[in-house]
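Following are the structures in question.
Same chain, two partners: chain A is paired with chain B first, then with chain C.
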Partner chain A sequence: MIGLIRAELTKFRSVRGWLIGCGIAAVLMVLLAVVAAAGTDARVGGPGARGALPRASDGTPVLDGFTFLQQPLDGDGTLTVRVPSLTGVALRPPTPGDSVPDEQEQATPEPWAKAGLIIKAGTTSGSAYTAVMVTGSHGVRMQHDFIHDLAGPTDARWLRLVRSGGTVTAYASSDGAAWTTVGSAPLATGAMSAGIFVATPPHQEYEQFLGGTSVIGGGAIATGTFDNLTAAGIGAGGDWNLVSVGADDSPNRPESTSTRNGDTFVLRGGGDIAPVDGGTGPKLEQLLSGGFMALTVLAVLGVLFVTTEFRRGMVRTTFAATPSRVRVLAAKSVVLGAVTFAVGLVASTAALLVGTAIRGSNHYPADALTQVRIVVGTAALIAVATVLALAIGTILRRGAGAVAAVVVLITLPYILSAAAVLPAATADWVLRITPAAAFAVQQTVPEWPQVDQAYTPAFGFFPLPAWGGFAVLCGWTAVALVIAAALLRRRDA
Partner chain B sequence: MTAALYAEWTKLRTVAGPFWLVALAAVLTTALSAAAAGAVTCAGAGCGVDAPMVALTGVQLGQAVVAVLAVMVVGDEYRTGMIRTTLAATPSRAVLLGAKSVVVAGATLAAAVPGVLGAWLAGRLIMPGRGFTAAHGYAPLSLTDGGTLRAFAGAALYLTLVALLSLGIAAAVRDAPTGVGVVLGVLYLAPILVAVVSDPDWERRLRQIMPSDAGSAILHTIDLPALPIGPWPGLGVLALWSAGALLLGGLLLRLRDA
Partner chain C sequence: MEATIEVNDLRKAYGSTVALDGMTFTVAPGRVTAFVGPNGAGKSTTMRVVLGLDRVDAGTALVGGRPYRSLRTPLRHVGALLDASALHPARSGRDHLLWQAHSQGLRGQRVDEVLKLTGLADVGRRRAGGYSLGMRQRLGVAGALLGDPPVLMLDEPFNGLDPEGIRWMRGFLRALAAEGRAVLVSSHLMSELQDTAGHLVVVGRGKVVADTSVADLIAAASSDRVTLRTVARTEAMTALARVGATVAVTERDTLTVDGLPADRVVTVLSEAGVPFSEIAAHRATLEEAYMELTKDAVEFRATEVAR
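On to the complex of A and B.
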């Protein structure tokens, strides 16, 4: 088998055109990274355009701005409150020269509008917290560290937060008598702020049209009503104190207000406590979109690697030397896969480095592990797709048709889905079953159940997890290789 | 020229490949169009979906088959060595490429016309059941409507121009698989580039000059002023690409030995 692999490697490297093809693939990939980086609109808001965002413990950029009616809480304590109502209004998108956007009447709050209890390490944006809240349409939730979200009962209106040592436990109840535990989370000991809060994500409508997407919408204001507020452990005689957390970072946010009428508090304001939505801004994987070009060039090589032998009659010499045709196919696959993986690895690393150098880091942040995953994943995708091309070339034995079949199988489904030609539900299915599913390895922006945005291919979200999508391509390739091997054995060369 | 045309026509019809590719192009164009027509829905009045364009989604797939057909007309001759006989019989490279262009255009139309008519029929039969009703402001697709007729006739012309572009590229690269790779790379590159370039000026310029994006402006029937390029000028851009490719192919054919 070693000799066979060496023979195939010699065949590959002794054709100058194929080596040139490998070079062209790498150059095209870097070239597209340059175009993608230089063509990024600085005005389109990436996380960088929003200033320095606070980060969750795992580095996720987050929003932390809300209306907070608080008192200091130095040690253990228990807060209880009833939230009889949570309503919302949407703001019209601001027009230039109009400092205060108009309010639109809207009875229902945003699905992830929040009103409830929170214990937070101070009132600066980005500090640690644990909260339990009533939401617009997702029932009671307990959230902490921005990225963690636990579901509670859907109809409860009573909330309780108990701080004991280094742990905060959240409870919910529909009548104020029988309490169910929502969850608990660690929170540092020491002086903190505790109280009631209101927040709401902006009102956004995601629109998808042929060949593009748009997001329209503006801010929103949530109004939460609170009563039956009791706070054990908070200094006696202290006054509830209104703080607009994170207001300095977002000057356009509506003003936070609080009114007290007897034992009833009404809090009103915007802002949100959640991971940022990464679907609309620049993304790191855009720098690797040249993978399509590299893949097309290398697919031609993959097809030619076998069809040229049939065309020149070389295949008869090959089979005379190695009568086991399956082993020939295996050797060809190994050589082709290894060579194109190396080319893909060099090309995608270069594309990422060059693109980042031009564009800077104004994209949704990706940690080192994610960056390695998208680079290695892209190289693996290119390598497996090239082996798929080899298999289809063996099956069809006609180069032109095989190249077209590979490109149509991999690129066209992606275009139809990501360029928003197909509706989102269909696009999701297309990217589950076609080899184009493999482009999921390039996705860098995570999906958050507690953030409402369009999780569709048009916004860069794939239906399958990264390596799951890659497995779909591997499945197609395996089936094609089996068919190719069977046909090689049955047919005369 | 008549003799060259006759020779090219004989070569095309006496092998089985082109016939099947013509049939495949028509069937796939209709099939993907029908699938898209069945997938897109219109929820209510003013849903803003360009119904004729949805019904012409299959063109995206049909163009790949048409490209294979056109590339093989040249590529197969180089593969088999037939090109030397052909050039001995028709020494004028310009006449030869002209004859090939006419035959390829004819074969493409033979695929495009039934394919596009099938797409129209699929759209007309399927889309009313998917919410494209008179109540939502959609009449059944009719070829007597000016915009719809332009889109469907334009789709056939689009496929023909793609075939001529492929023919020119094939004459330049002389190898069928490479030719198909180059053609499909050029055609499918534009939507991917447009998706990653967020600067509106860049995006608009790309949409004006890339062959597939500019050419498919002809498929639009609504919001025409918002398009980066009008339907007919867009098709003109694609025609320029085709003419340029044929010119390059013809020049290389003349300069190089077969």
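On to the complex of A and C.
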């Protein structure tokens, strides 16, 4: 087998056009990285900008702005409240010459509008917290550290937070008598702020149709009504103070207000406590967007690596030298996979380095492991796709047909989905069933169940996880190789 | 390994077209066996079957007693040239041989040896696309020799060769056979193999028409016919008729004598005192003998086309 692999490697390296093809693939990838990096608008900076955003404990950039009616809680304690109503108002985005945003009455609040109890390490944006809340349409939730979200009962209106030592436990109840535990989370001991809060993500309407997308959005204001508020514990008591957390960072946010009518409090304001939407800003994988070009060029090589042998009858010399045709196919796959993996690895690394040198780290953060995953994943995607192309070439024995098949199966589904040509629903299943699903290895932005955004390929979100999409490609390749092997054995050479 | 090719009752049909119809023959070591027949007689198909490239409906093909597909490094057992133009034009002749060498676990040094052996040492590093057909044939032969195999099988190696090349190839094939190898050479032009082949397998319509030594074939095709030129026509006819020969007058002073070898004719005429000026024995060429044998197959094809 070693000799056979050496033979196929000799075949590959001795056709200069194929080596040039490898070079072109790498250059295309780096070129596209330069274009992507240079084309990124670098107007980001200053207060509220992505670079200045607070981070969750794992580094995820987050939003931390809300309307907070609080008092101190220095040790153990218990907060209880009833939230009889949570309503919302969407603001039309400000148009030029229109200084005051119009308020549009809205029947329901944003699905992820929040009103409830929170214990937070101070009132600065980004500090640790644990909260239990009623939401617009997701029932009771317990959230902490911005990225953690636990579902509670859907119809409960009574909320309770109990702080005990380094743990905060959240409860919910529909009648204020029978309580169910929602969850608990660690929270540091010491002096904290505790109270009621209101927040709501902005209003967004997202539409993707054949040939385009449209996003209409604007700020939103949530109004939460609270009663039966009790706060008991070490350091608790005294007046309730209104704080607009994070207001300094987002000057356009609607003003936070608080009104008290007897035992009833009404809080009103915008902002949100949640991970930021990673889909709309610059993303690291955009520097690897030349991957599909490199893949296409190398896949053509993969096709030619076998179809030229069929066309010229050279395959007879090959099979006379090695009667086991399956071993020949295996050797070709190994050589092609290894060569294109190496080319893909060099090209992806170069693209990432060059692009980062131009653009800096002005993108949704990706930790070292994620960076390695997208670079190695892109190389693996290219390598396996090239082997798939080889298998298709073996099956069809015609270069033109096989290249067309590869483009239709891999390149087109990816481009049409990523460039938002296909409607979102179509793109979703196209990227589940075609080999292009493997482009999921390039996704760096995470999906958050507790954040509504357009989780579509056009915004860098793939329907399958990285390993799942890659598995789809591997499945196609395995099936194609099995068919190719069976046909090779059956057909006359 | 025994240097033989044994082909036994090969049958293969493409749809309703019968390509091989009970092809059976054996190639022995130490001589060049010519594998001849008209185009479409099944020569190339047989060779592909021997190399395990094409499947057969029935029959077996053994090389040195073993099926080709069971050989681990087949090029060390059988060297074959099927189609000299079956190479990638961008690849150098040397690289074309090098990958074949690697596939058999042979070293690059062997590639340079066979390039030298076939007179390609100077052009080995040039793109094979620029080779003439004659150079490609040499490259194909070089590939067949890579593994120094005891059995060689060459399909139409004379195609595209210039007279010098044909002479080279003939001598080369004879030399290879003289080393004890079994050499099977196909051709549709008998004349190319006239002085090269020792044995002949003539095929037509997918089966063997004749399997004979070249000497026997020529002898069989040559009848005892002697052309005689004499001024004493009547005396000569009388003398020859008396010993049992059939004599016919072809020209005023020319007779043809059937049924008596030339040396007997001379003796009979001398003893009878008949003067003659010229005597010639007719001897068939290999070409004529071959045409005689394949006449049926060719005629069948001609009528088939005409229908």
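The definition used in the following text is that the second predicted complex is superposed on the first by the 469 of 493 C-alpha atoms of A that agree within 3 Å, B and C clash if a C-alpha of one lies under 4 Å from a C-alpha of the other, contacts with A are read in each partner's own complex, and residues count from 1 in each chain.
In this text, a residue touches a chain if its C-beta (ideal position, glycine included) is under 8 Å from a C-beta of that chain, and two chains touch if they have at least 3 such contacts.
In this text the structure is predicted, and so the values were computed from the model without any measurement.
> Which chain, chain B or chain C, is in touch with more residues of chain A?
With both complexes superposed on chain A, more residues of chain A are touched by B.
> Quick check on the superposed pair: does A:16 touch chain B, chain C, both, or neither? Answer first, second, both or neither.
After superposing on A, A:16 lies in contact with chain C but is clear of chain B.
> With the two structures laid over each other on chain A, which partner does A:8 touch: chain B (first), chain C (second), both, or neither?
second
> Applying the document's definition of touch, where does A:322 land relative to chain B and chain C: first, second, both, or neither?
second
> Going by the contact rule set out at the top, does A:312 touch chain B (first), chain C (second), both, or neither?
Only chain C is touched by A:312; chain B is not.
> Give one of first, second, both or neither to describe whether A:282 is in contact with chain B, with chain C, with both, or with none.
first
> In the superposed arrangement, which partner chain does A:407 touch: chain B (first), chain C (second), both, or neither?
first
> Is A:215 touching the first partner chain B, the second partner chain C, both, or neither of them?
Once the two structures are laid over each other on A, A:215 reaches no partner at all.
> Touching A:492 in the superposition: chain B (first), chain C (second), both, neither?
Once the two structures are laid over each other on A, A:492 reaches chain C alone.
> Across the complex, what residues on chain B touch chain A?
36, 39-41, 48, 50, 53-54, 57, 60-61, 64-65, 67-68, 71-72, 75, 79, 175-181, 184-185, 188-189, 191-200, 202-203
> Given the complex with chain C, which residues does chain A contribute to the contact?
Interface residues on chain A, with respect to chain C: 3-4, 6-8, 10-11, 14-17, 308-309, 312-314, 316-324, 492-493.
> Across the complex, what residues on chain C touch chain A?
Those in contact with chain A are residues 48, 51-55, 68-71, 74-75, 80, 82-83, 85-88, 90-92, 95-96, 98-100, 102-105, 143.
> In the complex formed with chain B, which residues of chain A make contact?
These residues of chain A touch chain B: 32, 35-36, 38-41, 44, 209-212, 282, 286, 289, 292-293, 296-297, 299-300, 303-304, 307, 311, 398-404, 407-408, 411-412, 414-416, 418-419, 421-423, 425-426.
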